[in-house]
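Below, chain A partners chain B and then partners chain C, in two separate complexes.
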Partner chain A sequence: MDTKISAVADKKGIVTLKTIQHTLGKHTNLVTLVVLIVALGIMTGGRALQISSLQNLMVAEAVRAFAALGVGLIIINRGIDLSIGQVVGLVACVSASLAQTSDYAGALYPGTVFPVFLPIIVGIAVGTLFGIINGLLVAYGNLPPFIATLGTMSIAAGLQLIYTRASTIGSLKNEYKHIAQGSLGPLPYLMIYVLAAVLILWIMMTQTRQGKAFYAIGGNPQAARVSGINVKLNLLKVYALGGFLYGISGVLLSSRLGLANPLTGDGMELDAIAAATVGGISHSGGIGTIGGIFIGVFTLGIITFGMTYMGVDSYYQLLVKGMIIIVAVYFDMKRHAKRA
Partner chain B sequence: MAQDQNYILEMCNITKKFPGVLALDDVTLRVRPGTVHSLMGENGAGKSTMMKCLFGIYQEDGGEIFVNGKKENFSSAKHALETGVSMIHQELSIVPERSVMENIWLGREPGKKLGPVQFVDHKKMFKDTETLLKNLEMEFSPNDRMGSLSISHQQACEIAKAVSCDASIVVMDEPTSSLTETEVNHLFKIINSLRDKGVAIIYISHKMSEIFQISDDVSVMRDGKLIATKKASELDEDKLIKLMVGRDMTNRFPPVDSIPAEVCLSAKNYTSDVERSFKDISLDLRKGEILGLGGLVGAQRTEFVESIFGLRKIKTGTLSINGKEIRIKSPEDAINAGIGLITEDRRGSGIFPLLSIIDNTSIPSLKGCRKKVGFLDHKKIFNTATGINKKLRTKTPTFHTPIQNLSGGNQQKVIVSRWLMTLPEILIMDEPTRGIDVGAKYEIYTIMSELVNAGKAIIMVSSEMPELIGMSHRVAVLCNGNLTGVLEKNDINSENIMRLATQFE
Partner chain C sequence: MKKLIVAALVIMTAVNFTFAAGQQEAGSEKVTIGALIRNTDEQFVADYAENLKKLAAERGVDLKLLDSRSDQAMQLDQLNVLLTQGVKHFVIVPNVTEATEDMAKKIDAVGGGAAFSNIQPSVEALKVSPNFYLASSPESVAGQIQAQILDEYFQAHPEKMANGDPNAIDAIFLYGQLGHPAQVFRSEAAVKGLKDAGYTVNIVAEDTANWKPDEAQAKMDTWLAAYSGKFDVVIANNDGMALGAVESLLTNKYTDDPSDPTKDVDGDGTVLRVPVIGVDATGVAVKSMSEKKLFATVLQDAVGQSTTAFELAYMMATEGSATGKDAWGISPLTEVTGESPATDAAIVGQCYLVPFAAVTMDNYKEFMQ
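Take a look at the complex of A and B:
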């Protein structure tokens, strides 16, 4: 009955149930996010959606967004990266150590005045370096990415403890903290950085040869090679780009917290992979969009935020989060199975 | 129904249909005990299908199988083995990291009971294996690691495994394809001793000399039919080749009437850097020419053309294009030099299943489809890609449809479009019509004919005899990695191709 009506309506060019369904089906991620926001709004009588709450949400998720974008691109290329959390933590510690106030007696380099851009550059360089190492191991060393990044994860964790002597690096300069803590009107700086990154990466993935090459490698590496794409070089590039983004993530994390310690990045790899997955990045490779990753980050974010707002015990929050990831991937796999 | 006791295996009136193809057409094969029965035929004649029906990998659509006069219908290779029917595959199925004896007894290890628990009796396993290997005169130990043995010894282990199951019928599929001459002789010694014990061996091979050396009986298959079963002593090479290829040619090809001009690609002394691959191949390709590349499975044709395209490494060899020597180290170099390659394995290295037809067509050509800043010119990409696909009559709902939703023939047209979009001077087509229907085949042939008329050159690797004969200006034939001959237009016929393709020494 339904189909009959819509078939007739289609011809007249009227928006029908079927076309709505089709559009919704194509943008499941976005729909989920909107439904969650609306549901949260209704359940809290709108209080949870006040500007200040949303600002908190953005600030909380921005750092994770960089990590998710990095690993999302890697997953599109049929890879994985477990080193994220420890690399972000290491970057946070290194950059924090170069941004401590010079008169602080407990500083790692007491009495030395570093320019404010130095921690940023060094931090991002450390992240990129780890990305390059991962890329070399995977692309040219032919190590399985799971193992290669498991190794670098442990190395980064060790370096953090050695570098910080297992203590917290605090008392950061105000100019440095301002990088992540400031805001432009109601919009936190952090959110602006994320939007800029999303825009640039979106352009890369949709408007350049580079993006096409990444999707091609994820879709069928052998065919990509026959088509003249240098698969190894591109894998190196995507891991390096991932590392670069973790670098930014680490710098922003230390700036936002105003400190860093060896626990700073713990567990971020799982959050980032989960966000990318919820955002529709398929682990069989070649599928997913930058917008999807962005939505995935905020979908997980709003779930955590909503539960906290409504006073759900944080232990239970973990259960709910785990189930959401499983459900999201289950439906994703089902959808792709149907297409194949 | 009582069956003739003179035969140990009878496959009667076996018929097997696949969508659109009659793979086996009423085939009857009878094998006597204590003989070596060779099964011959071109690629795709139905030999493997026949064996797959025997072992229950395929379910035959008609016919009956009798082993020792008893009707059997095996559900799996394991089931067949329990009845004494064993197969040695071309690709050995070994567990390289485990020992010889563990491989031989895998899944049926001798046990010993210790109270209620069943343990593996390693002592018995070792002793049994030792006896087994001694009887077959094999000079390695039950404890040797399987992966440390040479291929011929691994194969010997598989044979030992068959013997250990008291197999009365052993099928060997191209057992000598990766063996050296001394290893072949050793294998033949084992085969002879099995025959003396009353075992029947079904021997599948393309190598004429071996067939006459080892066989008692020979059956020839062609196009899914059994052509003849004869005593090996009644045959010679010429008679055998006639039986294998004799077929009528119908009008399945468009006319190819271009006249080849000057040489555009010249490969000299091409030798693979992998051992036992192609050696010292020198070939010229001319503008406006379709050069067929024939040979049997394993002749290293794909390896050779993929080396020209930069996908595989060579040890020695030079390549010139239009008289200029160039070095091609990667597919990118090849594309820049005006070469395109349609690979043999469409699913494995051809299509990007989830990407659209546009993306699948344009991927190697994106360099030329950019605007000033380096951004992609989507309009140009769309227009060019759809234009070529329309010309080739690719049937698809829209050009944004993922390629995996198309039929094999249409996928192939997209892949051809992909390479036409790179504006190649030389197109290498590896099995261009594999797995596509007759109508689409004709369309692909027509495109090929138009291309050479426009002065392009094509290397066509093909395992289909009629295709080689119907489409090529010249046919180069490889056998076991060697170029055994190049046939000019007037000499191209099945007999000559098959003779060169089986010229192993």
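Take a look at the complex of A and C:
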């Protein structure tokens, strides 16, 4: 859909004002990100734009990026997922509970040594399971996605409180914490995971029949069905994939924090949906790219980072964030409306 | 995907351009203290932050105060940002005890230090270096004091236990956000304190009202319909919810004299049929006590905690160390106590305990603003 980028220059290789305007208009989300980065640079006299800042930003946004990629794909298929934050939190608690140091008296399973891969696998499995449940409810139960995932949001929150008895799961093994806290030279592991996920999903969405099916369903489910696409199965697949990505997000979050508690992941659904939306994913379905979601995540990230760097009161941060989401999406919608 | 590459290129170019500029940030003589604050939506934390700002203005300190909105991941990000800016000395109101060790290690890596308030740091966090301190009144003490106040109340008025099971305290609990450390520790300690005082505690109803008066009022309305005459006390994790419960009891005429809700007929100190108890001693709560509506509350000393923590950070920044020195007139502990982290002899000298105070009908006037 939106994957082909028009050349800046026209056929003769001459850059005209019109082509520049056209290109800028087509990539509002990227323009927004660049404008924000430049603005931050100017406002801090360039101090905010250091290598270490970039590392901080990458680390801060990586966990959210997985959640945004998951929900972004779901939104492309005309869905929505409100269960993200609570599922990520549940996954974080489950994976953390299997990664506690065995000599810690307050551990959920004191004295038991689990291999370090177990929390990763179980955590991702829990996320995927929730994705499958969401998918079944939406695709085969015909529940509106908003309602179905509102239900599973509450179920995940309840399970998390029951499982942890509302306490904090801490004292995680160093090997486990290393998964998200380590880095390869200047590159944090977290960033490598995100880039790998972006690459894989990008290939899926642009180079495979699966991706085409997702776009087709998002564009027009009836037409997709007529052209022989199994809409229900594909919807199940996209919610399951979303759950799988939240699973990764939850595991990375507990590893990064070195703990999990019932507040972990709280409210992440809003950040993830906002990031996907700012990244140009249209809620009417069928429109948006993986690269766009990635840009959306970092657009919101740079806002938070920049305001934190400048010491802006967090109350104002919420205000500014909200306004930027509205403005970015307004222009994006206008662009789509023009095209339609 | 091409967009992605373009974005990466732009970021990298911008970074390269300004890399040199970013290297030099320090150099000014002004003392800088970083303050990582859990969430200023909580009255205590808001008062704590306000006092820090006031102290910083008085001493000419550059205070970099950041609010994590109860999100530990955000608090870590904020710490990273301040460390990038060259900040070394911190005052921290953490989100969870278990996160304090990792935070201390990050700060120690740049040769800095921190004083933790409100949520206690772990023993391991204080063991990272002698430059990490506890400047707090642990949450559980608030619950203990609630229990002490209620013990005195039921000793003076044993007939008030007659609702429900006459040999037990039939309690209704209003919790803050579930899993929040203040919710967990205050509730546990209140129940434990009553049990330790020899009571049987029977929880008639319990639920979260997320710290909010309106949610608490709605909960209490429902419970009154179900449990009228079957409970002895309402225990709330904060004053906001306690006042919501008070409002519900008043509107439902659950008072000593339903025709005149200002009369304390039985002389137990409250016009309501049962005592309602909170934590925080906020201005409105003490005002409510002056009208004999709210029965009691517990003062967690925001000014005391923040001043102690600020002085510790300030001494570290100006004198290199705060070890063994008094802060806000409070001396470091010399002996271990039963409460973590002051349970470990190796770090007990890094613990500064700020006293809590019971606010009851006897002394509430001292806390009126």
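Following the convention adopted for this analysis, the second predicted complex is superposed on the first by the 327 of 340 C-alpha atoms of A that agree within 3 Å, B and C clash if a C-alpha of one lies under 4 Å from a C-alpha of the other, contacts with A are read in each partner's own complex, and residues count from 1 in each chain.
The rule is simple: a contact is a pair of C-beta atoms (placed from the backbone, for glycine too) under 8 Å apart; a residue touches a chain by one contact, two chains touch by 3 or more.
Bear in mind that the values here come from a model prediction, so they are computed numbers and not experimental data.
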| item | value |
| --- | --- |
| Superposition-derived comparison: chain B or chain C, residues of chain A touched | C |
| Contacts of A:Gly219 with chain B and chain C, given as first, second, both or neither | first |
| First (chain B), second (chain C), both or neither touched by A:Ser227 | first |
| Which superposed partner A:Ser52 touches (first chain B, second chain C, both, neither) | second |
| Touching partner for A:Tyr104 - first (chain B), second (chain C), both, neither | neither |
| A:Gly286 touches, of chain B and chain C: first, second, both or neither? | first |
| Which superposed partner A:Arg209 touches (first chain B, second chain C, both, neither) | first |
| Interface residues, chain A side, partner chain C - complex | 3, 5, 27, 29-30, 33-34, 37-38, 41, 45-54, 56, 59-60, 63, 161, 164, 166-171, 177, 198, 202, 206, 253, 256-259, 261-264, 266-267, 289-292, 294-295, 298, 304-305, 308-309, 311, 313-315 |
| Complex contact set, residues of chain B against chain A | 309, 311, 330-332, 334-335, 341, 343, 348-355, 359, 363-364, 366-367, 370, 374-376, 402, 404, 418 |
| Parts of chain A lying in touch with chain B, wherever the complex brings them together | 203, 207-209, 212, 215-216, 219-220, 222-230, 286-287, 339-340 |
| In the complex, chain C residues that touch chain A | 1-4, 6-7, 10-11, 14-15, 17-19, 21-23, 25, 40, 64-74, 76-78, 80-81, 84-85, 95-99, 101-102, 177-181, 183-184 |
